[in-house]
Amino acid sequence: MTDLPAILAQITQEMADLPESGKSADYIPELACIDPDQFAIAVVTADGTLHTAGSADQPFSIQSVSKVFALALALGQVGDTMWQRVGVEPSGQRFDSILQLEQEKGRPRNPFINAGAIVVTDTLLKGCTPREALGGLMRFVQEAAEDDTLRIDPSVAQSEIATGARNFALAHYMKSHGNLVHEPDLVLGTYFHQCAIEMTVAQLARAGRFLADLPDGSKLVAAQRVRRLNALMVTCGHYDGSGDFAFRVGLPGKSGVGGGILAVAPGRASIAVWSPGLNVYGNSLRGTLALERLTTLTGWSVFG
Amino acid sequence: MTDLPAILAQITQEMADLPESGKSADYIPELACIDPDQFAIAVVTADGTLHTAGSADQPFSIQSVSKVFALALALGQVGDTMWQRVGVEPSGQRFDSILQLEQEKGRPRNPFINAGAIVVTDTLLKGCTPREALGGLMRFVQEAAEDDTLRIDPSVAQSEIATGARNFALAHYMKSHGNLVHEPDLVLGTYFHQCAIEMTVAQLARAGRFLADLPDGSKLVAAQRVRRLNALMVTCGHYDGSGDFAFRVGLPGKSGVGGGILAVAPGRASIAVWSPGLNVYGNSLRGTLALERLTTLTGWSVFG
Amino acid sequence: MTDLPAILAQITQEMADLPESGKSADYIPELACIDPDQFAIAVVTADGTLHTAGSADQPFSIQSVSKVFALALALGQVGDTMWQRVGVEPSGQRFDSILQLEQEKGRPRNPFINAGAIVVTDTLLKGCTPREALGGLMRFVQEAAEDDTLRIDPSVAQSEIATGARNFALAHYMKSHGNLVHEPDLVLGTYFHQCAIEMTVAQLARAGRFLADLPDGSKLVAAQRVRRLNALMVTCGHYDGSGDFAFRVGLPGKSGVGGGILAVAPGRASIAVWSPGLNVYGNSLRGTLALERLTTLTGWSVFG
Amino acid sequence: MTDLPAILAQITQEMADLPESGKSADYIPELACIDPDQFAIAVVTADGTLHTAGSADQPFSIQSVSKVFALALALGQVGDTMWQRVGVEPSGQRFDSILQLEQEKGRPRNPFINAGAIVVTDTLLKGCTPREALGGLMRFVQEAAEDDTLRIDPSVAQSEIATGARNFALAHYMKSHGNLVHEPDLVLGTYFHQCAIEMTVAQLARAGRFLADLPDGSKLVAAQRVRRLNALMVTCGHYDGSGDFAFRVGLPGKSGVGGGILAVAPGRASIAVWSPGLNVYGNSLRGTLALERLTTLTGWSVFG
């Protein structure tokens, strides 16, 4: 094993030296004012050790990284019937695109674009209230991270409800095709709260261990399902920049507009990075670069 | 290690028992009359052993599997300047789709759809004749397979030239955007011959060893480039069915309409399957199922 | 002048003899149960005479025909600033399509597709309540028809609010691009009531006189604006069947999914037809045929 | 009747005073060097009088205006079977767009976009050579204009063949869907020569009389067919700017990238304008403005 602490320190320094950091998400008022230069990275290795560098204790809004947890939980509840309502193909479009919903009759391409994640949240609401559904999701994430202190930031959720017209359009459109069971207001109220989960990179890296198939990892999710989640993260985890992420980083990963990315090197490590400045695809600019450096320096790519 | 010969025999039997086999590609007259039920599989493992089952000595037209070899060779010649002319993102469209070329000003989404592969062939023609370019490609494939007997079937190439109007449209369209250096007739004459390379699964599995990073594998291509080729095969190797292949099989792979698929389990194996009947995406129906069974039975998925 | 009463009687008989009548709009429950075979036609000529045939006293829901009145009224209020928010080009897509809104950043192609009409209604709400806006629209239509008895059917409006998810998607999507001033619920509440105006063909033909530039017509709208409304009706009045309507009928016209069509022969006549069965474009099947027969028999095409 | 000579003189002066003139078509080398400020207008009225203003004796390349003559001739040969191969709906896309061909399986939206016009030319080649087909077309245009001196400029045709990759893509794409009978090279050789017909505005206005249904007009084409040609010119004659042209000018018209526009006021006049500078849609900027002024000053709009 290479000297991981030294590698993380080196990467953190490289990121601090980068001339550009991207721009924080500007369409969610609560996120727009966050300093885009911040950076943190955390790695849990196969022996359970946690390594961190940068602002590893700074909580951030995980946003779309939550889609992985919601999908993992929902698959446990509805199984493969999920795939009747949502596909497993990369969309090749922006995260909030609506045009494929028209071309494909209300069925989202995959569960990691907004439309697909709204369907996943809709399944979590089956037979329960938004509060109960969110409670179930929080218990899943807390168990994954072995951390009962994880919480949702309600001010971020409210900020998104007030400005989330694009997501309301997606929900109403799917409803018009019969692919939303509950009322759009109810589903999106739940969805925006799910996106507003707050975590540090240390917490997020720990929460991702179940995807990394670590020797002593919790068996929250069956191995075959984990493989499928990881496959989806490779092909669809970074929207229309998924190919670029696979090409450069070589790991399953899921990004959020809060600047966080969760990535896993199966059998080796669960990794979380955070830097709020985004690239053109809406993924963390420095976070992606940091992961590219990490797999280059460690040889952790799943592709050889 | 599991008992690979037994696994391959079991899979071959399962495929023979399948009620459906798909339909052979009907738009290339030379391929349309091939019995879609045929099946073969070959695996070269890390110790260099070759295992086969089914019609492993039956040569077939590798068609789009050739795109991997052409890209590997072209990257060796032009390096990362390739990515100025072609992207690395899944297209989400059929293999011969033209509409994204209009939306994206003549730049193909990736090198594994037809438009992108035509650009790759265009780069191979730099400073040489079609005969020389094809000679260079054949030497590359022969060296990869350690087999000087590999050849092109000219009757298949002629059949495609006569019926390849869709590909001519793609070439002319890219030319109109300045993204084709040589004349469409020249590039497509070369491209169709490249697609008409004939191989058995045994030859194809051997030719794919350089992608599998096998301990004793030839170092035809540098490790970082191999990782990127494998990343592209995962996100783009099966056209608009790439997500489905990653989800079910969990390996980098590239299919051809002749019914062949080359897949690699990095560090473990290079695998070739062949069955001419195609699924809705234009990928081998039984070939995909066989690979899904293989990774299930061996645990070779790159995703955990 | 040809014998108009005889022509209308002949057309009515021809329509009754047609083997097919199309299918009533099935996505608005209140309209789905209406007998699609019904037919009525009314013509007001240059001398002010009203001729009718068929079920001319049967009120029906004018639906999207209301878009002409709403646009005429709104242009009187906001003038050419309207065209900053909505275009004047045919969409080439279905009436309720959302994909161009994504491609064109929330600006509808024209005011006669649903998205564009919702923007028009949004302008009518400037500085007033939905009730006041609807009051203003009803006064405009009543004055145009010289008929104070015209009313809105609230049960149809309620039926549409309950099932109008597609229109809610359009409104939220435009709001996300800043092209909706008022809340989607408010705008669509108004919009659905506007669509639920009830009229007979006799009333509708009278209401359309201002567009026909009849010698004794009311001057509700200035001549240049009338010409532009008529131009829009020719290029955009029948959604993705506008070209077909111009080709076959040769008159400016606007259809509604209730089965009504208003058409005008400038200087000659204002014409209304009604038959609830729809063709593939969502326009009245028999209504379109009847108008085609009318212009063939009278020579009223604007195209020579 | 208003004082037409004075109106034409006034318009010509207004155009000369305009600060902007647009840009000459730059993708056809032979046209790129033409001064965009030039302007000419010609009107043939119902009594057969020809009025001109500006550079009325300057021949120019009529380009896509030829699509009207080719369609009129082809409809005389194949009748309504034409509409099995090409539609009558506005495309809402640029003149050389290919994406709808993919979505609509090789059937162009209408005969006035490039793809549709190529199909029309393909029908003209039935049973004859390109030379014979062009001979037939030239006889039709010469008869319409009553002018045997009309000719094709072969250097413009050659220039387009050399640079017409986009049109070759369209032709090959339609061939791949079986919607091209003859070889792309043959059809496009004919098509580019047809586009290279040279005329002055005076000649073009005379050639358009058959569309204007003038009292003493030649009966080259039956009245019902003329009405349909005019309908198509209104809905499709200016590509994705057709709605704008109808809205502002209010006449059936067809533009060419050479800067010419033919427009007709049925029963009143056949009008030709020419100014090489183009607007964003690829239609003559000053030509469109001049026609807008003409219908405003004469009241010749077909819309009231």
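In this document, chain identifiers A, B, C and D correspond to the written order of the chains, with residue numbering beginning at 1 in each.
The rule is simple: a contact is a pair of C-beta atoms (placed from the backbone, for glycine too) under 8 Å apart; a residue touches a chain by one contact, two chains touch by 3 or more.
Please read these numbers as outputs of a predicted model, since none were measured by experiment.
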Which chain has its C-alpha centroid farthest away from the centroid of chain B? C
Where the centres are mean C-alpha positions, what is the separation of chain A from chain B, in Å? 32
In whole angstrom, what separates the CA-based centres of chain A and chain C? 47
Distance from the mean Cα position of chain D to that of chain A, given in whole angstrom: 54
Which chain D residues reach two or more other chains? none
Think of each chain as a node with edges to the chains it touches; is that a line, ring, star, complete or other? ring
Go through the chains and record each pair that touches. A-B, A-C, B-D, C-D
Given the complex, residues on chain D that touch chain C span 87-93, 100, 109-110, 211-213, 223-224, 226-228, 230-232, 234-236, 240-244, 246-247, 250, 252, 264, 266-267, 296, 301-304
Looking at the complex, which residues from chain C come into contact with chain A? 97-99, 101-103, 165-166, 168-170, 172-173, 175-176, 184
